[in-house]
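Report on one structure; see the data block that follows.
By letter and in written order, the chains are A, B and C; residue numbering begins at 1 in each of them.
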Amino acid sequence: MREGSRDPETPKSGEQRVKLYQTGTHVVGNRLLPPEQRTVQARMDRSNTLTSGHRACQGCGEALGARYALDAAMRAADGNLVAANATGCLEVFSTPFPESSWQLPWIHSLFGNAPAVASGMAAGLKALGRSDTRVVGQGGDGGTVDIGFACLSGMFERNDDVLFICYDNEAYMNTGVQRSGATPPAARTATTKPLGEHAGNVFGKGKNAPLIAMAHEIPYVATATVAELRDLESKVERATRMRGARYIHVFVPCPLGWGAASRDTIRIARLVKESGLFPVFEAVDGEVTSVSKIRRAVPVVEYLKLQRRYAHLFGENPREDVIEAIQAIADRNIRRFDLLATAEEGADLPGEATDAADLPKSQPGIAGRTEQESNLMRLLAETHRGSQ
Amino acid sequence: MLSQIEGSKAVAEAVARCRPQVIGAYPISPQTHIVEHLSDLVRLEELRDCEYMMVESEFAAMSACIGASAVGARAYTATASQGLLYMVEALYNASGLGLPIVMTVANRAIGAPINIWNDHSDSMSQRDSGWIQLYAESNQEALDLHIQAFRIAEELALPVMVCMDGFILTHAFEEVDLPGAEQVDAFLPRYEPQQLLDPGDPVTIGAMVGPEAFTEVKYLMHAKQMLALDLVPRTATEFAEHFGRHSGGLVRGYRAEDAETIVVALGSVLGTVEDIVDELRDEGVSIGALGIKCFRPYPLDEVREALAGAKRIVVLEKAFAVGAGGIVGQNVRLALSGQAAQVFDVVAGLGGRPITRDSLRALLADVRADRLETGRLHFLDLDTDRVERELARMRAGERPGPHAENMIRDLGIVAARSH
Amino acid sequence: MYQVRFHGRGGQGVVTSAELLSVAAFLDGRHAQAFPSFGSERTGAPVVAFCRIDDREIRAREPIARPDFVLVADPTLLHQVAVFDGLAGDGHVLINSGRDPAHLGLDELEQRLPRGHVATVPASELAREHLGRPLPNAAMLGGLAAISPFVSLESVCAAIRDRFPGEMGERNSAAARAAHERLERAAEPARA
């Protein structure tokens, strides 16, 4: 990857080379960069497509991802953008009647039809001779990989002129954290509680929507996380400027549903990538064209420990077997996508020095301590205790 | 231009003259010939500036129409039976959002048991989905109703379902008068959306509405439907002025003014009923027919007025509410409050069983001779013996297995019947 | 009202025949209505289609139970399906066969109907000759036009050419004419 985000690092003649860690998500404002290379969010004229005042939870990864993604799409489309939204958290927290956080034309129809509505919008705009107006469809993982999947696949197969963005928080959060087809193994949800011998969600199930999207050989597929927002922006901008069916799958932590501290949203998103559990890549016409490298693979434990949805793997009866199985998934991803950077590649990359150094390795269950517990989190905790 | 063509082709030609900009197409019998012909017209560029979307399901077809309509495009789709049920969630969404989509329903039974033939159980199941429902008696009327439907839909910002009997109309070759494109253009103005997803003026469509306003939003839906009670007949009148023939409207009586017995029905069976009315009138029987052309909104006053003088009312319907009774019958009774007429609910033509002249004449003879009970549901041409045998099996405590198979076994013949 | 019932097997063009007859009647200035016995019939399965012709608007839509004319495109149906059910006392029958009706085991039917009302025409053979394929529908319609006063050969041919433009239409029309000619010739001695 980094085609987009490598650009800022490429020194122009006579300029000092600016390293990624100086412009990455740790850096506010990108003041070291020339203005045209700064992030969309750093610009005064950003569209604030999802503007403030919405009712997302503190630390919501989806709100963050959607704001960056849609502002980037708005920039790439020159403000000429319309959106179709699936039912879900994003829809609910952004449009409590009579208020709306959306500063672009936006329609919510149903849970399972956002890709088809977006397809219809693109078709209508084409028939009206208004194809300069670009179309974004968006939804959570439930609306994308489960109930909306037939519509999504149809949209891909027809190569409809739609960019679909999935904000993946790995469960049905809007209905109270139930398992979806994107819920990872061992994760606790309201329907995959660690009861009896069951260690959370089952292994070997669930689907990999980006790979399935690639199998449709659509022009563009990418994954991203809210830890690397510049990367997300550049992918969205790139996708927006393309035509045909495009898909971006964004990893968005959910503090409420995952039992994580609100302040850890970015950290968790960074660790999921650095551990290899969530490969970040781009694919053009069905072929992987770039991968976001990892400087040094972080053990999955570091990722899991921050989330109470995995608490049953630790505690009094630790499930090392399960943790090993999760580690095996990460290792396989690292091999399969060739995620590890060579020494040379690694020099520029964020790694332990910048990302993992402040991880509270000796503090399991940190999430709940600093966070005011929500009802849901309490419920999760109580159920967990009850099972022991 | 007078043409002898298939009903589906006639409808497709009429729809094309309405210049839809997006067509969501998904095959299901007996609607397929309509979308097939529209595909031809788009490929031949006889229908221009139209996106023909071959979607993956009826749910996607309706959803694509929702998206298209929301960006200001005139949207059309066609379906039947299971397909209509598969798009139900989107049907309610289209009406709730007030998007003027027009859809043909080629009426077909709903399974199980699976059955591809005609009845009204599909569209009747969606009578309360917030769509306007028009029922065609002939292919000419089906064609005409589509042209009217776009106008009604767009004027009220409500979706309209044009229901035509599957196979009986869709697959029948008969004479139709196809209007010229310029004639339709003069009648049907360009689509001016009442709400629009426009980057120049961003709006949010489909926001969540809580208890503080949901009732009011729903009330408005009802109020808009009630406005259609004026608009539907007005559109029919204007249509007649433009095209020189009467089609549509709310209800149509046939020799019903002074009739003691009135048969109420929807759709293509009205033709057979009218033939029988003529025969019986020739024999001196005081009988007439009432066709309900627009079932939603329900034209309560018009039905009441048309039935005011009747002593016996036979409601002949191709669907029923299982466990409750007639659907049209219940609606007709609503219009008769205080009137001392006998109402007979007769279910007929289920799953493609022909409604024959002989059976109808026998039914009406029974009605006139007071041999038919009111207050219970009658099934025309029901094979009582077969039903009784199956009921006896159940009473005997046998594990009966699949009823459908038993019924067909009892029948002895499966196929190869001439009619 | 003149009512025609078509019997055949899926793939023989029986439904098309009924439709073409309705178009021919329409071209003759009459009202007509054609429809199939609605089903998901597969190739080879028995198929029924109907056509009504009248001088006034046709409103009835039930299947034709009492036909004035029965066409049988496949003689193997004769003893499998009740093809002559409800046939009018002075009705006509036309069967796709090169054999005499007497050789088809239809004595009873011949006795019931007026003389000469049961006819055969080798429609598949004529089709093979003119089209190269045994699709009997055009020849059957040509034969029907020779027997029934409700439709003219010219309109049958016009309907065929309208449905199958180009050479295919011409060949089918030729098959219809050939069948028409045969039946007219066969009818002459009977009339004389």
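By our rule, a residue touches a chain if its C-beta (ideal position, glycine included) is under 8 Å from a C-beta of that chain, and two chains touch if they have at least 3 such contacts.
Model, not experiment: these values are computed from the prediction.
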| item | value |
| --- | --- |
| Central chain (distance from its CA mean to the mean of all protein CA atoms) | B |
| Between A-B and B-C, the pair with more C-beta contacts | A-B |
| Approximate Å spacing (C-alpha centroids) for the pair chain A, chain C | 68 |
| Euclidean distance of C-alpha centroids - chain B vs chain C, Å | 34 |
| Intercentroid distance (Cα basis), chain B paired with chain A, Å | 46 |
| Sites on chain B touched by chain C in the complex | 2, 4, 6, 29-30, 116-118, 138, 166-168, 171-175, 268-272, 274-275, 352, 354-358, 415-419 |
| Complex contacts: residues of chain A adjacent to chain B | 79-82, 84-85, 91-92, 95-98, 100, 102-110, 112-113, 116-130, 133, 150-151, 153-154, 157-158 |
| Touching residues (chain side chain C, partner chain B) in the complex | 5, 7, 18-19, 22-23, 26-27, 31-40, 45-46, 48, 58-65, 80-83, 85 |
| Chain B residues within the chain A interface of the complex | 21-22, 24, 49-51, 53-57, 59-60, 63-73, 75, 89-90, 93, 97, 196-199, 201-210, 212-213 |
